[in-house]
Amino acid sequence: MNGIVEFLVSGFILIGAVFALVGSIGLVRLSDFYLRLHGPTKASTLGVGGAILGSLLFFSWQERALQLQEVLIVLFLFITAPVSAHMLAKAAMHRNLKRREDTRGGPWKQ
Amino acid sequence: MEHLIIAPILIPAFAGMLLLLEVRERQRLRRFTGLLATLALIPVALGLWQQAATGEIGVYQLGDWRAPFGIVLVLDRLSALMVLLTAVLALPALIYGSRGDDRRGANFHGLFQLQLMGINGAFLTGDLFNLFVFFEVLLIASYGLALHGRGPARVKGGIHYVVLNLIGSALFLVALGLAYGTTGTLNMADFAVKVSELEGNSLDLARLSGLLMWVVFGLKAALFPLYFWLPATYASATAPVAALFAIMTKVGIYAIARVYGLAFSGGALAGLGRDPLWVIALITLGLAAVGVLGARRLGEMVAYLLVMSVGTLMAGLAWSSPEALGAMLYYLIHSTLVCGGLFLLADLVTRGRGELADRLEAGPSPTGRGVLGVLFFAGAIAVVGLPPLSGFVGKVALMQAVPAPLYWLFLLGGGLIALIGLSRAGSTLFWRATGDGEERRLDGPRLAATVALLATTPALAIWGEPVLEACLAVAGQWSQPGLYIDAVLGAGESAL
Amino acid sequence: MNLSILVLLPFLGAALPPLAERFRASRTLLALSAAALPALALALMVAPARRVIAGDTVLSSLQWLPSLGLDLAFRLDGLSLMFAMLVLGIGLLIILYARYYLAANEKAGRFYAYLLLFMGAMLGVVTSDNLLLLVVFWELTSLSSFLLIGFWSHNSGARKGARMALTVTGLGGLALLAGVLLIGQVVGSYSLGEALASGDAIRASGLYPLILCLVLLGIFTKSAQFPFHFWLPHAMAAPTPVSAYLHSATMVKAGVFLLARFYPMLAGTNLWFDLVTLAGMATLIWGALAALFQHDLKGLLAYSTISHLGLITLLFGLNTELAAVAAVFHIINHATFKASLFMAAGIIDHETGTRDMRRINGLWRYMPYTAVLAMVASAAMAGVPLLNGFLSKEMFFAETLQSDRLGAMSWVLPLGATLGGVLSVAYSARFIHDVFFNGEPVNLPKFPPHEPPRYMKVPVEILVALCVAVGVFPALTVAGLLAVAGTATLGGTLPEYHLSIWHGFNLPLLMSVVALVGGVLVYSQRQRLFRWHARLPEINANLIFERAMQAVARFAGALSGRLRNGSLQTYVAWLLAVVSLVLLTQLGPHLLSGERALLPLDGVALLAGAMLIVAAVITAILHRHRMTAIMSISVVGLVVSLVFVRFSAPDLALTQLSVEVVTVMLLILAMYFLPVRTSAESGVFRVSRDLFLSVVVGGGVGVMAFAMMTSDFNSISGFFLENAKPGGGGTNVVNVILVDFRGFDTFGEITVLGIAAMGIYALLKDLKLTSPGADATGRPWARDAHPLVLVTISRPLLPLALLVSVYIFLRGHNLPGGGFIAGLVTSVALLLQYVASGVGWMHHRMPGDYHPVVALGLLLAGITGVASWLFGHPFLTSTFDYIHWPLVGKFEVASAMLFDTGVFLTVVGATLLMLANLGKLSLLDDKGAGAAYDGDETGQGGGA
Amino acid sequence: MLEIALPIAFGLFVLALLLNLYRLLRGPTLPDRALALDTMYINTIGLIVLYGISSDSKLYFEAAMLIALIGFVSTVAVAKYMLRGDIIE
Amino acid sequence: MSRLLPFPLLSLFLWATWMLLNGFSWGHALLGLVLAVVLPLGTQSFWPNVPRLRNFPKLVRFVLVVHWDILTANVAVAILIIGPPRRLRPGFVELPLDLSDEFAITLLASTISLTPGTVSADVSEDRRTLLIHALDVDDEGAMIEQIKQRYERPLKEIFEC
Amino acid sequence: MEVMIALMIATLVGSGVYLTLRARTFPVILGITLLSYGVNLFVFVSGRLSLNQVPVVGMSENPSDPLPQALVLTAIVIGFAMTAFLVVLALRGQGEMNSDHVDGGSDGESHKEDR
């Protein structure tokens, strides 16, 4: 395999993995639900995106042709992930979950 | 005519599908479809029986793939007999059900047909995994049927039945995994050949597979200690369903006969589980007799009588001589039809007694007390094995074929206990009536269906000889697994 | 003439009276219809009877169940002739008697029918030439007597008496069956003739003691021998004609008949002597004693019957030929005098309205004619000279003196016999004196009593006349019959004996005198005896038996209730305990020695595995926090899919993933109506039991899995890999197996799915559940039923998901995918619409009922399968071809695709049928309805 | 290079999954658990994609795509349950 | 044409997806075309109110902007997450909506959720306000303005004009 | 790897068994589900484990055993049907017996039969 390609693939997947981990760390570390909600919806999406970029490159190289199939995964995620986040936020507001005292503003009554 | 073998599966299957298609709840159309399909099963089953009676084993290769790679249906005398028995039982049960019970919930006719499809499939298949699939077909349909109608008792019985059978299905899968994981095949005949060549770890695992299947079939057949669910479930099921279910325990018995008479018939595993089966059969027989005596509802009593027949049959099966198997098959036919008839009868009794239903307490006399009394008397005589009805013939045949004092003791003792129970029940229901029941007349077709089933018992006695001979022929073929294996795999494959 | 017709006649006759009754025949006509066929039978018997008297044995046989050795074989020899005459003759008299006995409002037709059934059964017993056939008729007598005894079913005593008789004689019948089967084993045939000829072989057989015990159990129960005698008095609850019939000539005589019949086969051994004599002696004395103390007229007769049966039994037990002849003789005599006595008692009962001898007194004045008849019959029973009873009793006394089996104790037998005689005289004296004399009647329900109708007395007259005739002219009357019967009983030549009234002064005569005098003495002391008896604790066999039966039934109920305790947990535990037993006995370290090389474990697998294990265990631990459990079980499903990915099963991974989503939706749908959590309710014992079972079963399956994975095997799978492409036209072998090689499995499987949907629909129909108005914390539900973002995103997702479904479907044959997965994806997309926009909204856009979708799917699959018949192939034979189209190029068309489309439709239809209907549940609920429809059109905005 | 990068990436994703599992078990609230599950689905996609690379096979693409397309439905269902109790109404 | 292709954008999207899924071949191009026409037609009743696309180039630009934002802001958020939590200044922000089309509002909400640091938490019943939870709000007004500038306005132009 | 898989199967089956022994319908449903997972895995591994050998013709040199995969697929679908039925049955129980106890009614009554 071409060294540069391999380097790029490795880079993408590592960056992706780091982002995925960061998102999940956020999920563990952050102190209220609304904060935690930010981690996965974005960082993880990006994490998967990184992995997929790596994969794209890898297979395009392997098969000597542009392999864009996996873009669809990201596309689908971009469509669906905000819905999960939105619905969970609504649920959390409905349940009136505790939030950090210094949170400005407040949730709406559901 | 070569496709006749699959007809007992496809006729109810297509009927079930058509019934599913009929969404406008045109009850008469549904009844017509269901009855027509069920009626059609009888000539088909007779044709198959005739085909099997020649002694030739018919093999139907689904998808035109030869065994052991594809799934085969196998028509030997045993499967033909079971298919015929199912058809004979199903028609009266459905006629009975078509008099109003089918309106007590949705999809009765569709479920009934698909239940028949499952039962026939289980009898005909020559493939272990396909047997599992048909078990599931008949089970899921039976879940639906068991819950047909309303009432907490039915739901509770249903939950118990479903959960236990789901666990049973899981166990079956484990057994199948082991079967495939050791022999690498699923065709019963091929399995029989391969399992007899196993050794070491694989042999131990195959044994475990056999024993686990044994537990599964024991659950279906309702053997001790796995029958406890049955009385409540059957007693609470709608009458035509309970009547049809009389064949369900026999599916378990059939499976044991088939799998152990064929798949585990050779090599180190021959006779697997036979000794415990013997003991368990006797315990089942004894405890079920106790159950008959202790029952407080007629339906429950009949359910226990059914379990008793299971014990009786299993002991005969465990003895596993051709004579014992032949006698057992005769008894199987008898007990299935009679218990089916008694379930219907219990319902007829219930109908006239209002709130009291089939509780064995003094109360208003059932509508049509005279006729029902005669039917009850005949059914009771048949089921406890008193002469001159089929129960006696079956019992004598079994006792002659299984000359074990313990068996005789349980068989006769159990019969006596059941006799006591039934005489108490009969005298309470028909003699101790405290007044007339509801005025309604007995429904003609319902009565006819009940009579039809119970009338098989004198018929089986009168034509006992040809029936016994047929059963012995079935048993003779069964006890030569090599015939089956040769038919399925082609001659010369069998080492048994 | 075929004997089977003879036996058949009463059975046929049983149909006549009910028919006659239906046509409103008069009572006389009814009786005539009942009597017709037995009379015919009696007439038809004349010809064969002549041959029998001449020394022949008439045989006839029809095949019935040759493979069981059960033939319709009948014989008429002396013994059976004698019994047949009793059965038919007395039977006819009973019919005549019953004509007057039965009240106008009683179902006489039914009564005669039962009686004739019984008569036929009895006739069958005495004429069977096949042991099994004999058992058949034997049991038929039990059954028909059950009906007869219980004829007055409104009467509790009748019901109980009938059940008791059936129970006891049923027990005996079963024992007899076993005994007969054993005889058949020894003899090698069930032919009576052969069995009688094989007496030596039977007695020599090791099975002899068992056979004897079983047969005697049958005999003793039937003949009411001590200690099985207790049923007989309670059988007196039957109408008197029944008692007269059953307890004189028939039912109870069946037992002693069998003693006679089997005499050549089983008698002659010490065991026989001990058992039969002992039982006979005990019965003789006990019955006589009890008879003395009865206040019930029929009770006295019942116990006297028991006593006389004991006498007969004792005679058979003595093992001498003469004793056997005496026994046969006494059978005849007892039948005649006892039948007449019962009838007389019936007349008295009929006329006075009671059977209590303490109230019935001095009837001599009111019905002298009946009194004479009854007194003569009683005298015969007492053994008064010039009456038939005297003759046989004399023989009996003589025979007891002959036996020396008891050695030094031999005097016991004559002493016992004499004591029996004394008591017999005493109770006979009571019957005469207490009823017909002894002052005035006390408080009779019917007063004054009259003589009965003329023809009601005829049967009594006939029988009493016979008693006298036999007693006075034995040689002219009974000798011939007795000779042939005796010969048949002994199965050989008859011993020397003389039937005469006077044998000179001898010991038997002395015993008779002692009996007569002693009997009168005893009776004279009756007041003292009654007082003594009244102080004894009352033993009511009926009560004891009934209580015992109830106790047994209660115990049975308790035992089966204990086993079948209605607790699913117990049943499941039993099932798993059996599995555990299998596993514990079969598993061992030897299974861990597989030869196959292990795959290396890597970190990812380790952690993923750990994740699954943790999630599974957590699901089990946290199951009471139900929503949490749903989450953790989803994790399990996710990891399982990963396992499928990892181990080269992409199809499975896809299936698992999509099923998982649907399952979670299903569980959450259910959660709406179920409690959110439950409190802990299992005790320590239960939890530890369950843990044990879990560890054993789980561990066992794990060990088996390991053992299996580590051993080598040869599989048929190579065939699939090789033939998938050339034979099945696809490269995805899993899919080709599913739609082709094992398409039949798939056919069954989608059927399961379809049935499940049908069943679920049926379960949900009319199901009423209350929708909680608030969540578990009491918080009311959110107002926004159809959030905008969800609605707006979910809708374009539908065509997208369908596109993906098409993709997955089309590639399935060659690459991972197929109808199932495509169907599930489509279902999920549609379900999402339900979640987002609601049932009401979907209702306008989707079929209202998914049944036809399921049906179409199944039909498509089925018809595809059947279509192969047109090409002469079996069900589900697939075919495929490649088509070349310009521009598009080469593509494959396979019938399997059609099948797979059926699969697709079924999956979609079934899933939606299940879940959409589950979702509709809340609509049915009145409370939830308003809220549910609130936001129905949310997100629809303008235009449509 | 890829031989080193892949295991590390695998490790990081699995670690992320374990952290998600922790949150799922720990809660403390139902939305937290649902969020954790949702994140697990997403991280699983990454894991599958990586597995595709490491085994040089595109046969796992559909699995990843399927999670991306329908994995969120579970989360939506849970959220809807919390909001309305009835997810199909 | 519009009866056959009521939602050209969707059809295009579907066709592109099909081609991505299957790789290019004439057969698939044709089949994809068929599906791209049939599927929207078949599901037409499910979404009666999708706005017409007015400005395709703007859409492309918008997509690119969003992707860029996702990339860059992610890094910032990652640092926030790993950094000391006390540094965060979370808050709920109400965004007054200029958009009126529901599809456009949804796109905006999704975009806000996808771009790091913000999650759209709710849409008011009257569709006039969007509730946003932000991880780190310095200046509420600036944030609102930025969202309006960067996302809402282009969306309005793309779909509504 | 085999040890790991065996452990997974053991845990799934064990947890499933434990849950099927509970008194309420819901945990029983979960138990059946877990049991199915375990059993499906068991059947799956009856074809032995193999890495990256998808049974697609031409895709692998030594394809893994396709038959158990087909069997498991069937089992998954059947299992789903059964679970769905059980779930609805549990609802029916809740509706008719007003309790989610597997024996209906509360614990006190649960051991009494409806005679």
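Each chain carries a letter (A, B, C, D, E and F) given by its place in the written order, and its residues are counted from 1.
Criterion: a contact is a pair of C-beta atoms (placed from the backbone, for glycine too) under 8 Å apart; a residue touches a chain by one contact, two chains touch by 3 or more.
Here the structure is a predicted model, which is why all the values come from computation and not from measurement.
Counting hops only between chains that touch, chain B reaches chain C in a minimum of 1. Set side by side, the interfaces D-F and C-F show unequal numbers of C-beta pairs in contact, with more at C-F. With centres defined as mean CA coordinates, chain E is found 74 Å away from chain C.
Separating the centre of chain A from that of chain C, both taken as means of CA atoms, is a distance of 69 Å. A separation of 27 Å divides the Cα centre of chain B from that of chain F. As a whole-number value, the distance joining the C-alpha centres of chain C and chain D reads 60 Å. In chain F, the residues that reach two or more other chains under the touch definition are 16, 20, 25, 28, 38-40, 42, 45-48, 51-52, 54, 56, 59, 67, 71, 74, 78, 81-82, 85, 89-90, 92, 102-103, 113-114. In chain B, the residues that touch at least two other chains are 129, 133, 136, 140, 143-144, 147, 156, 159-160, 163, 167, 174, 177-178, 180-181, 186, 232, 296. Chain contacts: chain E has residues 17, 21, 109-110, 120 touching two or more partner chains. Contact between chains, as defined at the top, is found for A-C, A-D, A-E, B-C, B-F, C-D, C-E, C-F, D-F.
By the touch criterion given at the top, residues 10, 13-14, 17-18, 21-22, 25-27, 30-31, 35, 39-40, 42-43, 45-50, 102-103, 105-106, 109-110, 120, 123, 125, 127 of chain E touch chain C in their complex.
On chain D, the positions that touch chain C within their shared complex are 7, 10-11, 14-15, 17-18, 21, 24-25, 27, 30, 33-34, 36-37, 40-41, 44, 47-48, 51, 59-60, 62-63, 65-67, 69-71, 73-74, 76-78, 80-89. Chain C meets chain F in the complex at residues 561, 564-569, 572-573, 576, 596, 598-602, 605-606, 609, 612-613, 616-617, 619-620, 623-624, 626, 629-630, 633, 636-637, 640, 643-644, 646-652, 655-656, 659, 662-663, 666-667, 669-671, 673-675, 678, 681-682, 686, 690-691, 693-695, 697-699, 701-706, 708-710, 713, 715-717, 720-721, 724-725, 731-734, 737-738, 742, 745-746, 749-750, 752-753, 755-757, 759-760, 763-764, 767-769, 814-816, 820, 907, 910, 914, 918, 921.
Only residues 51-52, 54, 56, 59 of chain F touch chain D when the two sit together in their complex. Contact residues on chain E toward chain A in their complex (touch as defined above): 17, 20-21, 23, 70-71, 74, 77-78, 81-82, 85, 88-94, 109-122, 124, 131, 133, 135, 137, 140.
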